[in-house]
Each structure stands twice: as structure tokens, then as C-alpha cells.
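In the part that follows, the structures are each spelled out as C-alpha cells.
In what comes next, subunit A is part of two complexes: it sits with subunit B in the first one and with subunit C in the second one.
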Partner chain A sequence: MSFHPKMEYAPARFHKSARTLPDPGGDFTYTAENQAKFDANVQRYPPDQRKSAILYALYLAQRQQGFLTRAAMAHVAGQIRCTTADVEDVVSYYTMFYTKPVGTYVLNVCRTLSCALLGAERVTEAISEKLGIKVGETDASGMFTLIEVECLGACDRAPVVMVNDDWEERLAPEQVGEFIDHVRAKGRAAFTGCHLHKEK
Partner chain B sequence: MARVTIDGRPYEVPDGGSVLGAVRAARVRLPTLCHDPRLAPSGVCRLCLVRIAGVARAVTACTTPLADGMDIVTASPELAAARRGILRMLAARRRSRAALIDESHPYIRVDMSRCVDCYRCVQICDEVQGQFVWHVRGRGLDTRIEPDGASLRESACVSCGACVDTCPTGALEDRLGAAHGAPDTWTRTVCPYCGVGCELDAGTRDGRLVAVRPVIDSPVSRGHLCVKGRYAFDFVAAGDRVTEPMVRGRGAWRTVTWDEAYAVVAARLGDVIRRHGADAAAVLTSARATNEDNYVAQKFARAVLGTHNVDCCARVCHAPSAAALRRVVGAGLATGSFDDIERAATLLVCGANPTESHPVVGARIKQAARRGARLIVIDPRRIELAAYADLHLAVRPGTNVALLNAMAHVVLAEGLGDRAFLAARTSGLEEFRRFLDAWPPSRAAEICGVDAASIRRAAVLYATGAPATSVHGLGVTEHVQGTDGVAALINLALLTGNIGRPGSGVNPLRGQNNVQGAAHMGCDPGVLAGSVPVDQGRVAFERQWGVALPSAHGRTLPQMLDGAIDGSVRALWIMGYDVLLSNPDAAATAQALAALDVVVVQDLFLTETARDYASVFLPACSSFEKDGTFMNAERRVQRVRAALAPRGGSKADWQIVCEAARAMGAGGFDYAGPEAIWDEVRALCAGARGMTYARLDRGGLQWPCPSLDHPGTATLHAETFARGPRAVLEPVPYRESSQTPSTEYPFQLITGRTLYQFNAGTMTGRTRNADLRPADLLDISPDDAARVGVGEGDAVRVISRHGTAVLGAHVDATVAPGQLFATFHQPAVRLNAVTGEGRDPVTGTPEYKVTAVRLEHA
Partner chain C sequence: MAYEPVLTKHCAARDGYTLDFYVKNQRGYEGLRKALALQPNDIIEQVKASGLRGRGGAGFPTGMKWQFVLKDTPKPKYICCNADESEPGTFKDHVLMERNPHLLIEGCAISCYAIGAKVAYIYIRGEFYHVQEVLEAEIEKAYKAGFLGRNILGSGFDCDVFVHRGAGAYEAGEETALIESLEGKRAQPRIKPPFPAVAGLYQCPTAVNNVETLCNVPLIVLNGPEWFASLGPEKNGGPKLFCISGHVKRPGVYETSMHTTLRELVFGEQFAGGMIDERPFKAIIPGGSSVPLLLEQDLDTPASFDHIQKAGSLLGSAGLIVMNDSVCAVWLAMNLLHFYRHESCGKCTPCREGTDWLFKLLLRLESGDGQPKDLDLLFGVSTNIVGKTLCAFGDAAATPVLSTMKLFRGEYEAHVREGRCTLPAPWRAAHPVVAAHQ
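Right, the complex of A and B next:
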């Protein structure tokens, strides 16, 4: 129907670097257990405030799959009753939602003031050297991912590294190698645990 | 008014609003990046920092409410330093990150390296259009704005261009006209497309239309436009515009001078009239031509040809709305205004798909629903608005009357009517009640395919959420019960007292920019300008025109075509209307056009009708090339202004008609210009008397406006109905369409419009909209697609009792099983070969909205 000369349309692109669209991923639905957890959680909010459950919904999806694909975000969107794009916004904002596969143990090195003064940078370097990876990467064994984060709220025990959901406090750069070897050998049993628990 | 001090000088500024508003009202310069009057103030750019005496720190003027007596400082070394610091941060952020460049869209270029994070695009897409395309992603330095798809083209974007219009930096930019440079002249005029009638500013440079932008203070569009108004203007300069008159001799077109063309027209029309009488000639006018064009054309038919055979394309769309409204309340006009959308507590959208067909009104309805207005959608398809609705009744095509009767039944049975209104302003309630006793929801449920509980709920929502307004489209009128459907809607409004007060009403959404005007200017065999029935207006018009008006009744458009077939109509003058593509049952239309002795076509392009059947072609100019007025769906008369000179030898429609009339020796056609024609309309029609061109200059006026100091009428029938003190509640019996599904024709086909194309595609087909919507599609439900074995994109043949058409299938869950939906814009598809001969008995409006068909693989 067009009377115009044909026009070429260029795809979207990023200047300087590639635009990273989330991995489409395969089919995703909650397991029955996670679905039940979500259904229980969403009851905490008024029906017209269903969107408030989005963080928990994403947390469940990430726990189930390790990271968030577009299919997982679409599933969450369906649960929350919003658009997938809205879910993508939220995922893009929070550093603890991963859009790429991560290792079994995610090492979150705090780099904010107290930790920085007490050598967080050298902790990062030591992990980096030990595992042969840069910040944001996962090691060859698929066991460890290194990430730098802002304040973890454990300033009195700096430098601190959060391994998945647990703190490793006062982790001196020279102890890093030994800690990683222990985790590799013993898994979660190698975690020293948060002083708050120990002092209880 | 508030008294404030700005930079040491006293000012009086309007109350309310923000400090920024006051500063702007005082015409003091204050820089902003994130401010747009269409949006809620966000204060994110921080550039409008001011000092207010008594406030400890600098505040953003846009988010600070104005108070009387404020002492405001807009410029100081401290503020300048703060602004410089903010700008430096913006610049640093821009350098630090990767920027999205997206050239996937034909009209919008994205280059986010120019983005300053003001979020105006994000806000306007949410708050004005309601499309939610632009998203803010990431955090901190990495914050970026992205569309919701892999590219803008693949996103939910509806190409309205609002984000481009608001972007302060050119990160979002119009691609059209970019090669020709920025416009140097802006001309305010009215959109050439639908009946919403948005004002727009047309930007020209070197005699070329290069840009269109919305008008912020337009009462209709409020600074918004849709893809058609904003971008689909290239048809004006299309290579195949015909710009010289042509006459066909022995099958071949010959370019002639205007004088020669008029001589041929005069001779051939004269010949037909001499041999077969004046009623063998007929005139069809255009709902896309101005009021002046249409007035002159019907005057030409009545005073020069001597026949009431004059009609316009309102016949095939909203003639039933006009007929029903005229019959029940006395004026064939929308009873309210678009502003009632915002005033209403409940909105009933019946047989209309405003987000595609009337996008600016669609966006306003969507925003009203988002703000919490109740929304009821009655439509066979799950249209976009259904997602925002409290209730969607997926009524079976052609059963509106049964559904609306059942809703009225519930209103009366449950005592939800407005008793005071019924007692004071209606009659016939008892008889009406007896009639409705036979229409419980359970009966309608069976006919309409909607469960009885939903019908009841719709009635309760509508009746208890006052004020309630209804908007309806061709899904109500284009049925064999078109007029009845509108009457049933009016009944519902009367029962609940929803006529004649703000926020209420029965409002037809007119399809083309001047449908209301064309019919109102007397392009209807039964009425004269001002919608006066011929018999009532005869004396005044005969006096004004100085001729005797014909006594025989005129023919409507379908009757003209019937007459062509039986030989009683021999000549047809068609102004800006592709009859062959637009009318139903194309085979019958073609037969009628072929049987005519003389077909004069006045158009921009050699339309299918002109190409195949015209004997004389008179090149008209577009509405961007002429002056005049349009009357939109809310009765608002607005000025159309020439932004360009007529292309080549083309002329304005009124000019062509007047010159032809003079060539035929008629007097009374020597107007100096459109204003002189309009002044004649004003002299004849009390409702237009107060509407001088000077008064129409800004924003227009709503009909009726009977005197020079009258503000125009936003709400009709406020105290009394135009027909008298009482409206009659009229029982409307339901009749079944003949197009019910059968074993041979198991599907019901609905035809309608898409956002990107417009009617016969004459204009939009010649713009880049054709890249966004390249072809007509047949929407089929997933169930039916699986059952019939049709996949996405498959070519299918649609076959009815009247003809066939081949088009691509689109599997679409918004369509109900057993139904099909197709658009009718593509000349090559010619969907109207399929639609049938069913007509509304009152107005002759064709039954486009339901045709029994079957499908075959093509």
C-alpha cells in the first residue's frame, strides 16, 4: 500500500557498547512450593497493591533458577499483573538480582567507606587473583562469582564480604585464599558466621 | 490573583499553581529542562532553583506551591553557581555512559547520547498517552531510558510522538522533514483525520510541509496528537497527486484547463437534467471537506441542479446517531463534550474502539479510567480499553439493542432510575416499563452471549455512578438496527438522568473530522444547513438564495446508487469520497457507478472510483492548503488555515463548486472567500450566528452559539430538550440481523479501523504509516485458527454471499470464537466486496459490522 520508496530501518544499538537485553531463557514457572509461598506472601498486601509483592516474587524466581531470565520476569509479571517491562525496570535497579548465571557462591565485597579504609580493595584483588576472575565474573568451576557492592551495614567488622546471604567479617586479604579453599572443600560449613549469631 | 515579588519587582499573577507558574506568568526567564505543562511537576532537573524569603534553602520553583506575598529571587550568584554545578553533573553523566541509538522507527529517531534524564518522555508516555513505552533502567550513573521492547519498533509504542514533542534536547527526534531543515513558519489548523478534531501547528519551509506539532492550549487535544495527525501528512506531497483537471474521452484521460473542465461539466450535467429531469442528478459531499465546501455543494445541488439529491459520507457512519438523537431529544448532535470524559464518574464505551479510531479521546478515556472513573466497555472484541474497564461485555455482533434494553430493564426493576428527571423531563414511562418487562437480563443473555449477571452489573454501575456519560461509535450505528441502537442508549441516559448536565450525555464519536459539519451544513436530502428540515427552512432559504427549492424528496446515498442501477439517476458529482472502496457490497456499487452517464470526481488523487468510473476529474487541494472551518464530534467549530499554497493547479472544493456553478450560469456563488460563505451560513442558522471567524480564532466555539457574546454550548438540553420540554421514552424492539451464522457461512465478520490507517487509505496509504501497518489483516481467535488450520500470516479467502476478499490472517485472542475482525483500508484487498446489502431502515446506513462469511485457504 506504500507509495514511498522503501526505507531501511536500523536495529537498536548502543553507542560504545552493546545493549544488553535479558537472556530470553526457556519456559519458566514457579515450582508448586514457590507458587504456594508467593500466594501466601501476596496476601499481605491489599488486592490493589499487588505490585508490592514484586521483590519477593523475583527473589523466589531467582532462588529457583539462580538468575533471572526474561521468561522468569514474564512469569513474575503475570503473577504480579504488570508488564514484563515493569519487572525489567525493578530487576535493573537492584544489584542483588542477577540477569546472568552466577556461581554457587556469590562473593559480595563491600567497598564503602569503612571497608575501603580497612583494605576492601585488596580483598577484591586477592579473590580476583585466587580465582583468576575479574569483578562481575564467575570462575571456571562455576562455583564463585565476584561482585563489588555498597555498604553491607557491618562497618564495625570491616572489611566484610557477603557470601550469598551470610557475612564473612574482618576478612583480611591474606585469609582470602584459605577461606576459598575451605568453601570449596566443605561448602557452607566453612562459613564462619556473623558475630551477632555467635555472641547470642 | 496573588501579589508576589520577583527579583525585587511586584507582580500580580494568577492564584494557585506553582512558583514556576508565577515566574512564567510574570515573563521572567527561569531555565527548566524537566518542566512541561502537560505533566505533573517532577522537579528532577533542579534547574529552576529559586530563593524564597523565609525558606532556608533554594527550592525548585516547579514543585513549590505558590502563596500570596511570596518574595522570590530567581537570579543570584549563588543560584547561578548551583545551576552551573547541576549542568556540570549532567554533562559528566552523559559522557560516562553508553547511549542507546535506535533507528528502527519510521518517524522517531532515538539518540540517548543527548539525554539529560529529565524523564519527560517517560512521564508523557504514562500520563498523557498511557502507553508506558519508556522505562527507566539501572541506577546511579548507569541510569538509562529504554523502550519496553528490543527496539522502539518492537515496543508497545503507538507512534503518537508525544515523547518527541516533549524532549528538550533532541534525544528523541522527528525523522520526517529532517532532511529539509526546521520549519520557518507555523500555521495553526485542524487535523485532517478523525472527528476528534485536534488542533495542530503545521510547520512549513520553502513551500513544503515538514513537521506537525500538537497545540498545548487546544481545548480538544490538550497538547496531544496521534500518529495520523502528528506524522501522516506526507500525502500532501505524494508524487501521484493530480493537480490539473482531466476529462476522459474514449477511455483515455486528457488534461484540460479549468475553463474547459467546467464547460464539460456544465454541458454534461445540463444534458442529463434536460433529458431526465433535475432528480436524475445527485451530489455526494465529503466529511473531510470544510463546512464551507459542504454548504456550497448542497446549495449547488439544491439551487443550481434543482434537486435534494445531496448526501455525504455521514450516511455510511453516524447518520443513525443523528437520526435517533434528533427523534428523541430534538438535535442530531452529541449532547455533551469531550471534557465530560474527565467530569464523568462512569464512562460507557459502546461499539467503539477509541484507542485505535479516535486515539486522542481514547487516551483521555484511558487516563480517566486510570484515575478511578468507572469504565464499562460493550464491544464484541476485547479492545485495549477493556483492560482498563471495570466490566467488559463481549456482546455478539448485532445484538446491542437486546443488551441495552436489558440494562434499562434492570434500572427500572431495581428502582435505580432518576425519579425527578423522569417525572419532569420524560413521557411514556409506563408504556416503556411495560415494554421492558419482557426484557429481563436472562432473555438478553441468550441473544447477546453475555451472562445475565454481567448485564445486571453493567446496569447498576451505569445507573449508580452519576454522572455517567456514554461514547459510542460505528459498532452501534452500522447495523440494521443502527438508529434503534442509538435510541436504546439514549433511553438508558434518560432513565438515569444522564442528559443535560456536565459529565453526562450521549456522545457519538464521529469518524471523520467534519462528519458532524457536513451533515449539519445540509448535505442530507432531508435537512438544510443548520439541520433544519427542508419544509421548516424552505422560506428562509428561498429568500436567502433567491431561488425556489425543489419540492420532490431527495435521495440518500444508497438510494442514489439504487437509482443509478434502475436508471433514474444518471449523473453523480462526488466530492472527496472513494465510493467504490467505502461502500458495502462493492459489486453492486461498481454496477451502479458503471451505469451512470456522468461521474464528476473532485479529489486529491485518482481514487479507485475516479480511475474506473469518472468522466471528469477536478483536482481539489488538501485541508493544509485552504481556509475554512471543521465541526468536530463535540460540535466545536474550529478554524482550518492554509499552511501551503494549493499544489499545482488544484483548488479548494468550495472554489471548484462555485466556479462550476457560475459556468452553469447560476447567481449567488461569487463569494470572496470561505469567510463570506460562513457568514451566509451564520445569516441562515441561528446556532452559528455568534461564530464569526474572528471569534473562532482560538480554540473554536461549540454549536449552538446564537449571539456574538455567547460562549458556545458545552452541554445541550440542560433545561429543556431541543424538541420540547419532554423526551419520549420509546420502546425499541429487537430485530435479528439477517447475517447470523449458518453452516454455510459459520463466521461473523466485523470490519473496522486500525490506528495507522484511515478509511479507504487514500491519505495514510501515501505516508510511512503504511510501513507501520502495511496490509489489512483478518483477526481470528486462536481456537478458530486451530480448528480451521489457519496460521499467523497465512493468506485466507473470506467469502460471503456478496463477494470475496483475500487477506493475511492474524491470530488474535481479542477476537471471540466464531467472530472475525478485519480492517478495510487497502485498495488491493477491497474488503467491501464482502460486506452486504443490509441497511438501517431509518437512515439507509449499511450493516458493515456484521457479515456472515466462511473461510478458505487462498
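Right, the complex of A and C next:
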């Protein structure tokens, strides 16, 4: 997470931290399948430590509806038996939870050193131009969201892009246009995936 | 001396990750069988004798860490395997978990037996979902084969191994922050003492160990501490994985002993194979982004914890980031400070605010608006972070600035003098996005 969302030098700005509550959203309850998954996962922890399952519970909710609304967080709070404030505290810390709608494919471009040395900045630039969006935005079709992330732990395959839970490795800036077209046409099948995974 | 890999020997084999392959070709779970016939304390003694040092960054002796784990207590004990692997330039645990998962599973089981724990949690970073799927499937197989679960191999010892998925936070790699995150809270470190060995996960005695560290445990039990120690220089024994990335021909994970010099790792034919396009070498970060840079003249240093420390840097997580002469020192510091500013957990002021100010100053220099006083300011802010924070993150964050300013002060001065970046690299964007708005 970042404590410094986008601040100019002018110190007056520092005092005006706007706190916006996430979208309340409609009614939310787990599907029967997700409920069963949660009930199984919570068994991994001692009975008085249900809170340990909170990240898992949030992932389930996020996968079910694409992003986390306040209703979803309230549901998770009920499952964990903690307060909604506890849930919001966790959600707002970790970068992999979304509190706003995102595209079908979230393009997480790694921008840290090793990837940057091999052109990650140009990958972001190329995606941005191709889709006509800035970092943090979703394109008009609702298919792609562009995000910059920090080191993904695969620096030997730079530049790396994580797309939802899948990976695209060694994406040269020149290949970005073609890559986006492939994803549009073929969906998940377009990703090269983690090379270690594929070698099997 | 030719080095025979032991951790990653079969990583390229197609089915090298399966239980059958592991049992057939790597004497799989023999170490566990042997361990269960010993007293737990004997295993700790063996690990101590081997001199195994933690592979997560600090290089702390593992046997000693285990010995500190409180014994006389009615509370349960825990092993937490640190698979957060978020240090920029590091990707070794990724390979081990995906291509040799049973070595880690066996390591977890033996370590649990040694410290008297019954549960090991593998805390894996959220981005490694594809790794987690492999790991969980293989853990399932280990349960079915009787290597995990109740009464393992008829010894009466019970052990569970669970994978816990993080959700995107570098700081979750710090051991007490990892514990907090496992407990379902924000990944922010605790004040020490008490150390995890006394009050860790759920306030119970806990040992936090890196993936590579735990993978070495079955090898020590199987082949003996003397064998392990003999693989490397004194106090730096055992196999070591080196992650090489950046401007080299063949980036990747290479296993060798800590006798190998940095020069061999970067230029050796069996390793990274030299610089891309034969461009001149400029600098190397030998241990993940948190350690000082080394130059050409330091390359003949053996890549061991102690030798690299003597050369003025640290082996850290053994993530070697190699840079050629197209890299601007100010840009380098700015790139890394963007990382630290984003990842600071926010618990202490010098780190939370200091990283932001450092980044802003570097951005100002890099975009040409730097002023002469900025250099002193950078130095002042950095030295006011070092040693004044709760966890080692603060020192790590100041390091790229202090190290580049020491080695390449001329470049900083040139930025101020010329009012622009003096080394605009071809791999940079025309209009880079800086300070992302997330």
C-alpha cells in the first residue's frame, strides 16, 4: 500500500486527507461453493484464531464479485466474527484487493529495477497508448485495467506482467500491441504463463 | 572444482516436482525417516554443526535460532516458512517451491520435529498463485503417502503443513510482520523483544525460516553436517542459490558454492554469461535491492556472506542485479525509492515520511529541477532514517541513496549542473509514469 497517494509539494494539501468509504454495493453472501471453501480453510487455524482466514475469505469474495464492496466486507466480518472496521483495516493495507470495479483482465506491470532495466517503463507506455488509458484506469470496453506493481519475484524473465492470477513473462515493449490483441481474441489462453509452470 | 547441484539438480526435469520422482531420484523423505529415529535435540545439534545460515537475508545461524525456541511451555509451537520472496532481484524460492516442492515439505516436517511443533504454515506471497497450486497439490500427495498427517511413518509424530496466501505486501517478509499477517492483521512488524522464539504466532514460540533454509535441512540430516560445511568457505557452508538478473546474457537462478566469485557468476559461461551486447559493466547489487552497490574492482570477491560483507556490501537474499553503463545512478536510486516508498508499512515516521521525501527529491533531480542543496538534503534525510526505525526496512530504504551518492556523487552533481538527466537510457520510456496513483 502507499501512504502517499499523489501529493504535491504544497504542504497545505497534506492536511486534507479525504476518506472515502468503499461502495456499499448490493446484498452479498457467499455462494454455497465458496461457503464450503471458507469452512474448510478456517479449519487450518486453531479454533480461536478464525481471523487468520481473513485474507482467504476476502479472496473468495473478490473472486465472486470482481471487487470488494462494503456489503462483501460485512459478510466477511460475519464469517470471521470480527468487526467491519477490522476487515476494512486489512483490505486497505494489501494491494491485491480492489475496492472499485476493475476490468476482466488486470494488467499488473512490474516496474521495479530488474524489469525497468529491460524496458518495463516502455511496456507500461505501450499498453497505455494501445488502450488509451492511464495507469490505474480501465479501458472503455471494461476489459483491461492497467496497474503498476513492484517486483513480482521473477526478475530473470523481465519484463513481467501479472494478469489476474496468470503471468506473462518477457513481454518486450514492441510485442505489447500484439499481446493485447491476442488477449482480446483468446482470453486466458493468450498468456505465456510462468515458464517454470509450463515446462511440466 | 566442479560443483554438483543438490537443491536444483532435477529442476529442469519434466516431472522433477512429483512425489514419485522425488522419492526415486533424490532419496526423498529418507531424511525425515532418519530424523524421526533421532532425538529432536540431536537434529538441532546437527544443524548447528553444519553452520547453516538463514537464506532469507540476515544470514543468522539456523541451529541457534531453533535452540532459542522456548521448550518448557504448555503452548503449541510453530514453524512459519517465509515464502514471501518480495525482495527486488530475488526469485530463488519461486524455483524451489515450483520445481522441487517436496524438498520444502520434507524440510518443514523435519524442522517441526526438531523444535517440537506440530504445524508449519508456509506464508506465500499472493502473486505466486500458480506456485501455490502446485505446492498444495503436492502437499496433498505427501499426506496420502503418509509423510504428513497423524503418526508419520509409525513414529507417533503428527505434523500438518498448510499454505497461507498473502495479498501483496513486501513488508510481510519481515518475520514479525509475517506473523501479524498470518494472524489476519496488517503486515506491520512487532516491537522486539519478545522475539518470535518466545512469543510469535498466536503468542506461541515460533521459528520463522526462509524456503531455501528449510530445503537445506533434509540434506543436512541425510548427508551429515560435515558434508554440508565442506561445500563452502568456513562458516559459509552448503549449497547456495544465486538469482542473477539485469543486463546479463543469461539471467536465472544458479546453484553453486559460496567459493564462487561474483565475477564468475556474472561473466562465467556456466552462469550468467556476461553482459548483453558486450556493453561495459557499471555496478552490481549483490543481495537484493536493500544492500550497497559493488563495482568492477570488487568482482573477485567470493559470493559468501562474510566475504561480501568485507567488501562493503551484504549477500542478503543473493539477488544479484547487474547493470551496464547505460544506468544512471540517480535514476537507479529513484527507481528503488519508489519501491520503498510504496512498500513502507507506515508504522514508524522516519521510514514512512523519509522514503516519500527521498523519492520526491530524487524525482526532482532526475527531472532536472534539482538544486545544489538537494544533495545535502538527500544525505540528511537518509541518515535520519538509518538506525531510527523499528525494522530493518528503514536502513534498507536509505541504502540505495547513500550507496549511489558515495560511489557516483559526480552524477548527482551533473544532474544539478546540467538541469537534466545526463544518462538517458534507451530502455526508458519517453514520458515515464512516475509516482503511480495507487
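Going forward, the second predicted complex is superposed on the first by the 181 of 200 C-alpha atoms of A that agree within 3 Å, B and C clash if a C-alpha of one lies under 4 Å from a C-alpha of the other, contacts with A are read in each partner's own complex, and residues count from 1 in each chain.
Note that contacts are C-beta pairs under 8 Å (C-beta built on N, C-alpha and C of every residue); 3 or more make two chains touch, one makes a residue touch a chain.
Note that the coordinates shown come from a computational prediction; the quantities given were computed from them, not determined experimentally.
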First (subunit B), second (subunit C), both or neither touched by A:Arg122: second
Which superposed partner A:Asp89 touches (first subunit B, second subunit C, both, neither): both
Most subunit A residues touched (candidates subunit B, subunit C): C
Partner chain(s) touched by A:Asp156 [first = subunit B, second = subunit C, both, neither]: second
Which of subunit B and subunit C A:Arg111 touches, first, second, both or neither: second
Touched partner set for A:Ala172, first subunit B, second subunit C, both or neither: neither
Touching partner for A:Leu21 - first (subunit B), second (subunit C), both, neither: first
Footprint overlap on subunit A, comparing subunit B with subunit C: 1-4, 9, 89, 93, 95
Residues of subunit B defined as touching subunit A within the complex: 98-106, 110, 113, 132, 135-139, 146-153, 156, 234, 238-240, 757, 761, 765-768, 770-771, 774-775, 825-828
In the complex with subunit C, residue positions of subunit A that touch it: 1-6, 9, 44, 46, 49, 51-56, 58-59, 80, 82, 89-90, 93-97, 111-114, 116-119, 121-122, 124-125, 128, 134-136, 147-158, 162, 165-167, 193-194, 196-197, 199-200
Of all residues in subunit C, those that touch subunit A in their complex: 12, 14-15, 17, 76, 85-91, 93-95, 98-99, 125-131, 134, 160, 162, 164-170, 181-187, 202, 243-247, 251-253, 285, 289, 319, 321, 323, 327, 332, 335-336, 338-339, 341-344, 346, 352, 356, 360, 427-433, 435-438
Parts of subunit A lying in touch with subunit B, wherever the complex brings them together: 1-4, 7, 9-17, 19, 21, 83-86, 88-89, 92-93, 95
